Amino acid sequence: MADADALSDRRGGGVGRHLLAPVRRLAKWGTPVKGHLRRGDLGRALGVLGLVVLWLVFQAFNSNYLSARNLSNISVDMVGTGMIAMGIIVVLLLGELDLSVGSIAGLATAVFAVVNVHAGLPEWLAVVIAVVSGTAIGAFQGSLSARFGVPAFIVTLAGLVGWTGLMLYILGTTGTFNFDDGGLVASLTGRYFGDKAAAYGLAAVGVLAFLAVSRRTAHRRQAAGLPSVPLGRVVLETGVLAALAFAAASVLNHFQGLPLALLIFLAIVAGLDHTLRRMPFGRKVFALGTGAEAARRAGIDVTAVRISAFAVSGTMAAVGGLFLASPTASTIQATSSPTLLLNALAAAVLGGGSLFGGHGRAWSVLLGVLVIQSIASGVALVGIQPAVQLLISAGVLLVAVIAESGVRRARTAHGLA
Amino acid sequence: MADADALSDRRGGGVGRHLLAPVRRLAKWGTPVKGHLRRGDLGRALGVLGLVVLWLVFQAFNSNYLSARNLSNISVDMVGTGMIAMGIIVVLLLGELDLSVGSIAGLATAVFAVVNVHAGLPEWLAVVIAVVSGTAIGAFQGSLSARFGVPAFIVTLAGLVGWTGLMLYILGTTGTFNFDDGGLVASLTGRYFGDKAAAYGLAAVGVLAFLAVSRRTAHRRQAAGLPSVPLGRVVLETGVLAALAFAAASVLNHFQGLPLALLIFLAIVAGLDHTLRRMPFGRKVFALGTGAEAARRAGIDVTAVRISAFAVSGTMAAVGGLFLASPTASTIQATSSPTLLLNALAAAVLGGGSLFGGHGRAWSVLLGVLVIQSIASGVALVGIQPAVQLLISAGVLLVAVIAESGVRRARTAHGLA
Amino acid sequence: DQPDVPHRKASDGGFTVGLLFPDNQATRYENFDGPLIEKKIAELCGACSVVDANAQGDVSTQRRQVDTMLVNGVDVLVLDRVDGPSLRRSVQKARDAGVPVIAYDRLADGPVSGYVSFNDYAVGRIQGEALLRGMGRRASGDRIVWLDATVPSSAWSTPRVEGALSVLKGKVDIAEEYTIGSLNEQDSYVAMSAAVVSLGPENVDGVYALNDVIAAGAIAALKNAHVTALPPVVGQDAELSAVQRIVKGEQYMTAYKPYGLQANAAAEMAVALGRGEKPHGISETTVGNATDKGIPAVLLEPVPVTANSIKNTVVKDGVYTVKQICTPKLAEACRKAGLL
Amino acid sequence: MTHVSPPPLLSLRAVCKNFGALQALTDVDLEVRPGQVVALMGDNGAGKSTLVKVISGVEPADAGDIEWHGRKVTLARPHDAQRLGIATVYQDLALCDGLDVVGNVFLGRELRRSGGLDEVEMERRTRQLMDSLSLKVPDVRVPVATLSGGQRQSVAISRALLGEPKLIVLDEPTAALGIRQSNHFLDLIEQLRERGVGVLLVSHNLGDVKAVADWVAVLRLGRNNGYFDVNLTSQEQMISAITGATEHAVTQRRAEAEELEL
Amino acid sequence: MTHVSPPPLLSLRAVCKNFGALQALTDVDLEVRPGQVVALMGDNGAGKSTLVKVISGVEPADAGDIEWHGRKVTLARPHDAQRLGIATVYQDLALCDGLDVVGNVFLGRELRRSGGLDEVEMERRTRQLMDSLSLKVPDVRVPVATLSGGQRQSVAISRALLGEPKLIVLDEPTAALGIRQSNHFLDLIEQLRERGVGVLLVSHNLGDVKAVADWVAVLRLGRNNGYFDVNLTSQEQMISAITGATEHAVTQRRAEAEELEL
């Protein structure tokens, strides 16, 4: 009663300065049960299911589909698109879109070819120049968008056309360019680690790292008195991961071993995942994506973050372009940029990288691009005509977003928004 | 003092129910001076200035540029892109983007050709079917976006690729299709009203209509006790409009007279402008663009409005496609859709159609597309190489958005946001 | 930079020829056709001038380029149309303006005054013959992979396919057949990789590739699949990189179309038409398109290029110099092929 | 007594609403009669705004019955509520930032005349409405995004008052209003009551509530926690119910009273 | 007297801010000293939030001087204000809707440990902070978009209290808070005062202001309209200044006093 008095008194405009006696704590009724359904689980489960169904369907059409050779091919061929998709994820997290990635990829290969073949610079330097020009282009687009407050989709639509124009201009009358098919870029997709220990070793390292990080986090949370993931779940997750990793390693070893391209891809995915989820840069990207003005008021240099994100996207596009150019040792065709963009975006979306800011893990791109490349490979093996291939690509993107939207709704309904 | 008492009393939790005596009205200190700078004026002035500069530059390069023949050509050639741009404006007002317009335009021409030439339906029916298929595609994309809560740029990116695939599929191995070059569609851009009275009459009707509407609005506002545009300004505006309209009519009459395409375009622009600014549908589009949840809570059927807007965009894309196909009497090339999209978007943005919802008049597209087509014509006359043309297209879009952003900021600074 | 030529024939006999090229995917237009035609016209008519434009694969661009050339007052058009919709209205427009149109490489619809191209049936035939020869040398199986384009815009690619089949039918087994969406190496690579997975790397005995770009992608795929003894691959166009692959022994053959002959024929026709003469003297045959019959035509014969005929074909015609072909890395292979 | 009195304007029975595992509303009952001002109070996160959204059709209930004039209705969309005559001022206002004041006030029920919208009449009425409420905005033609917090709230209130709502639901409508505006607004609520409009007022301000409300319904942790006659209940009792200091006494009494009535 | 007292923490002199033709602030002066709670009052649209944004560097002033500890400073970006030790609760809260509570509280000053962010420690401290303020959210790991109005305000307040601000600027911080939470918050302001923190409190609630403020600065139509010692001024005087009933008396007195001081 004394409490209540004090309350009404103060609220009622009295001048007294009673200190409110501590009141009973509210019951903690609101904590949702999250143990059994962590964010993204549903999406990943759906993705894996979809992948399995796809594989079985294509296998029924062509019995070589699930051969070690073809699976290994898929694991290499997906890297180019996957790299581009990872860049797109960063931009999607900002709540923006980069339509120019396909063109940047093409332009980067042209820059590489011209600098290497025409100007005669060594390959490694040409690679650096090509990648840095991707970075610069991304940063340029990002800064235009940030400084003039112009939506990125417009700036990058101009890029989609403009960088293609620049590429054609650089290639000049030749239209296309071949480079050394025994060189550095060509070996990006041509090199395999034949030693069986390589693939298995990588699988083992990955599984152990996962286990170590999970356990350490759980310990620290317990020490801080916070709820933590139960041991059972960690064991389960580690088991699933180990099964997948060693199965994949075994398949790869049945063909030519661990591809260099895959190794690089996994390393970059791991790095990007860590950057996005565990580093301040990633937090800033998320913040901008879900509230640009709030982020600005929190003292975040909004322009810098935006420019960096687009620079990452441009860089990854250039890297992806080099991987895509690697097998044929020739520049990427200018006309293919919309399809490239579409595939990369579909991979990013399929991987569960929500388009609405706030979600999206780099790891999930791995799943997304695996699905996309599995479809591409199946379509090629079955020999579907190109017009229909375009329809299929479009359909896959649509299915991806609709599935993603379903997952998002399920998540919201479970209070995990 | 009695007032103050009542105030503090009530605020302070008293149970009395005094009626607050009327208080002195606040001074109307906040009304910004708007007479001299109405919304959009700055953008339009900048646009006209840019157009004049462009014309002079191209004329310096090629003395045939400002010939009546070329100007008349421009007025006809701009119609296809202009139609598409008008559809884009509606979607931009929603705060969305339709990337598929170029592909829909191409697909519509393919549908027309197949239905007309292959199936042998009469031309008018084939036109209706082609346009309706554009409407249906737009509505389909809009409903996917609305029902699944998927950003339209993704759905329409899938469309950009998918409809091209469908077009190629429809055209089959032929890759292209020709239709009657003396028929209805061909005459869309081929027909002129040679009678001098036609062009001048249209100019006169337009000017008089503007004057009548302005005066009536001013009268009604005065009658309702609201501030209204002063007579002097109306006279000035009418004068400027009359000068422009009669100059244009005279140029057209120096070539072959009033083009049918231009007449249709002006009629559709007028209709769309009225719909967007003076009809409930337009208001709903604006509302959704600046606050979808608020619009929903206001009882607006958000899904229906979204679907309608995309249906308009699809329809206009199909119509634009027919106009673009008209001069060659053949289907539009599948590969041209990104450039088409770019040009239409640039026209929409250049015209001052803000991308951030809330602004954008259909009339301004006229200016935007005139600029775009003037550049296209000039670039062709001067003989610039295609790779550089792509760079120029991209540059124009960038300049457009940067200018638009400048105008927007100036507007905000003048409290007209 | 374009001279203001008065509309009809100038008194000194000089006039302007407009060249319209479709795209720059292939290297030939800017490197060969354009310069060669220009050179020949200069030879035949000193006072004449040439303007050119490239539509970069877009039909609307090409239409506008025709309009522009008419506005600028050219007297003859040499039109290599975009591979797609015809430019019937543009051709008609030119005819209405009194400007004759020569269809170059690809036949356009409308009132065309002349046609210069290669015999596509023969292209297919020599590709087929070479493939058989190459496979015979290996004497393994008879399974070939057929890589072709999706836009075989009827007029020029169907005869090629017929020509090739006329040789190959019954002699080989077309084990896998792929339509390449767009003519680039990446798409070809994807298709060939699929073929290798389907057939097994050791079961590809020959590859029919539409042209050299497709051949390049196919060879890359075979190499990446670690096929050590490459099967014979045939292509078309005699691109420099293809000639180099032939030197290296990766590609078996390319169908070389001596652009010089084609350019000369077109230039002769253009000059004749520009002077108001009939071009029938130059042509050996006539063809018909969708609208017109009896178009005077020059159909030239392609030449197969294999390792031992490089010297006598592309090098002899001055298309490429030995120095261009034999980069330092290829020196060894060049010596083997007798180029160095 | 029950069979002679007309059925309440709005009555909710056992309304539930979950957000995933979180039970925002559990078996909530509520009644509002014409000419009655019912205040809805409760701690932060008690579920008041969720209940408001249920009544406005913005976020339909998961379970429970809603009756309007004694007849069962479904409120699945905002449109459903509006058609019945329910007007709402949301806690987050829900204005279209880019539309001007006139556009927001008339959104969804624009006045028309031959040939399109009647902008002149809408502007005139908006000015009139805002003047009559002593709500001030610099200009009715500026986008609401540029308005101050209180001015925005004024626009939302004007919007709700337009037309002739039968039930007006107000979610903390005076939170951003100035002293004078608040008082004027409270007067307005009384005028509404006199015109027979039902009012559901969410507020944290006991003073305001005591000043205008007839009844106070208290929510606590998503459940009913008391229903008081303002004139017969002390502030202390209400605060106890809101903060949970005493959960039984009052609820008990109310429950018994209800049992008798049925 | 002037030369012995330390310079004020923050002092504004002749600050002006225009939005186009609209003069939102005209020659506004204001001082806050360490350990002082200054309330900023005024009618809706008086310019209070605009002044708050000027002080926080969100919308820099067009003219006028800002001094911090007697030294002239430029507040061109939010970052500038933060570096000085100014923490702000905005009227519109300015939270990142998609980030969770922990993410919002620590936004822009995340804790790090080797290898990245220290999520565990941030979560622990957030829980601690919210508990100590008796501010309740269902879970510190849900996105703030799903929180109730009051819960969101709690997050914004926690955010401002984190670290050791020297000046804390509060724009209607209790507008959405419940009774208990409001009171607890007012206690907190007193604790801040005792720790020597300067507080600028924007509020429409005379009760709250009288309860915690030392001084009341009144804005009217974007200009200073009085500066009162809370203990020496009646509510009526303040209301008059706010609503403009009497514009001279008080301002006059204050102006004279200032002249003497200078």
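As written, the chains take the letters A, B, C, D and E, and residue 1 is the first residue of each chain.
One rule holds for everything that comes next: a contact is a pair of C-beta atoms (placed from the backbone, for glycine too) under 8 Å apart; a residue touches a chain by one contact, two chains touch by 3 or more.
Everything numeric in this text was worked out from a predicted model, so none of it was measured.
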{"item": "Touching chain A and also chain C, the following chains", "value": "B"}
{"item": "Contact-richer chain pair [A-E vs B-C]", "value": "A-E"}
{"item": "Chain at maximum distance from chain A, centres defined as averaged CA atoms", "value": "D"}
{"item": "Chain centre separation (chain A, chain B; CA means) in Å", "value": "36"}
{"item": "Between chain C and chain B, distance of the C-alpha-averaged centres to the nearest whole Å", "value": "43"}
{"item": "Centroid distance [mean C-alpha coordinates] between chain D and chain B, Å", "value": "41"}
{"item": "Distance from the mean Cα position of chain E to that of chain C, given in whole angstrom", "value": "76"}
{"item": "Where chain D touches two or more other chains at once, by residue number", "value": "19, 22, 43, 45, 136-138, 146, 179-180, 182, 206-207, 235, 239, 243"}
{"item": "Chain A: positions in contact with at least two other chains", "value": "7-8, 11-13, 23, 26, 29-30, 32, 34, 168, 335, 385-387, 389-390, 415-416"}
{"item": "Residue list for chain C, restricted to those that touch at least two other chains", "value": "24, 56-57, 150"}
{"item": "For the chain D and chain B complex, residues of the former touching the latter", "value": "56, 58, 77-79, 82, 88, 90, 94-99, 103-104, 107-110, 112, 115-117, 119-121, 123-124, 127, 131, 134, 136-139, 142-143, 145-146, 179-180, 182-184, 186-187, 190, 206-208, 210-212, 235"}
{"item": "Residues of chain C touching chain A in the complex", "value": "23-27, 29-31, 56-57, 150, 176-182, 184-191, 193-194, 197-198, 200, 213, 216-217, 220-221, 223-226, 241, 329"}
{"item": "Residue numbers on chain A that touch chain C, as the complex places them", "value": "62, 64-65, 67, 69-70, 73, 77, 168, 173-176, 178, 180-181, 189-190, 256, 324-325, 327-330, 332-333, 335-336, 376-377, 380-381, 383, 385-387, 389-390"}
{"item": "Complex interface listing, chain B residues touching chain A", "value": "8, 11-13, 97, 99, 144, 148-151, 153-155, 157-169, 335, 338-339, 341-342, 345, 349, 355, 385-391, 393-395, 397-398, 401-402, 404-406, 408-409"}
{"item": "For the chain A and chain E complex, residues of the former touching the latter", "value": "6-7, 10-17, 19-20, 22-23, 25-26, 29-32, 34, 217, 220-221, 224-226, 274, 278-280, 283, 286-287, 289-291, 293-301, 356-358, 415-417"}
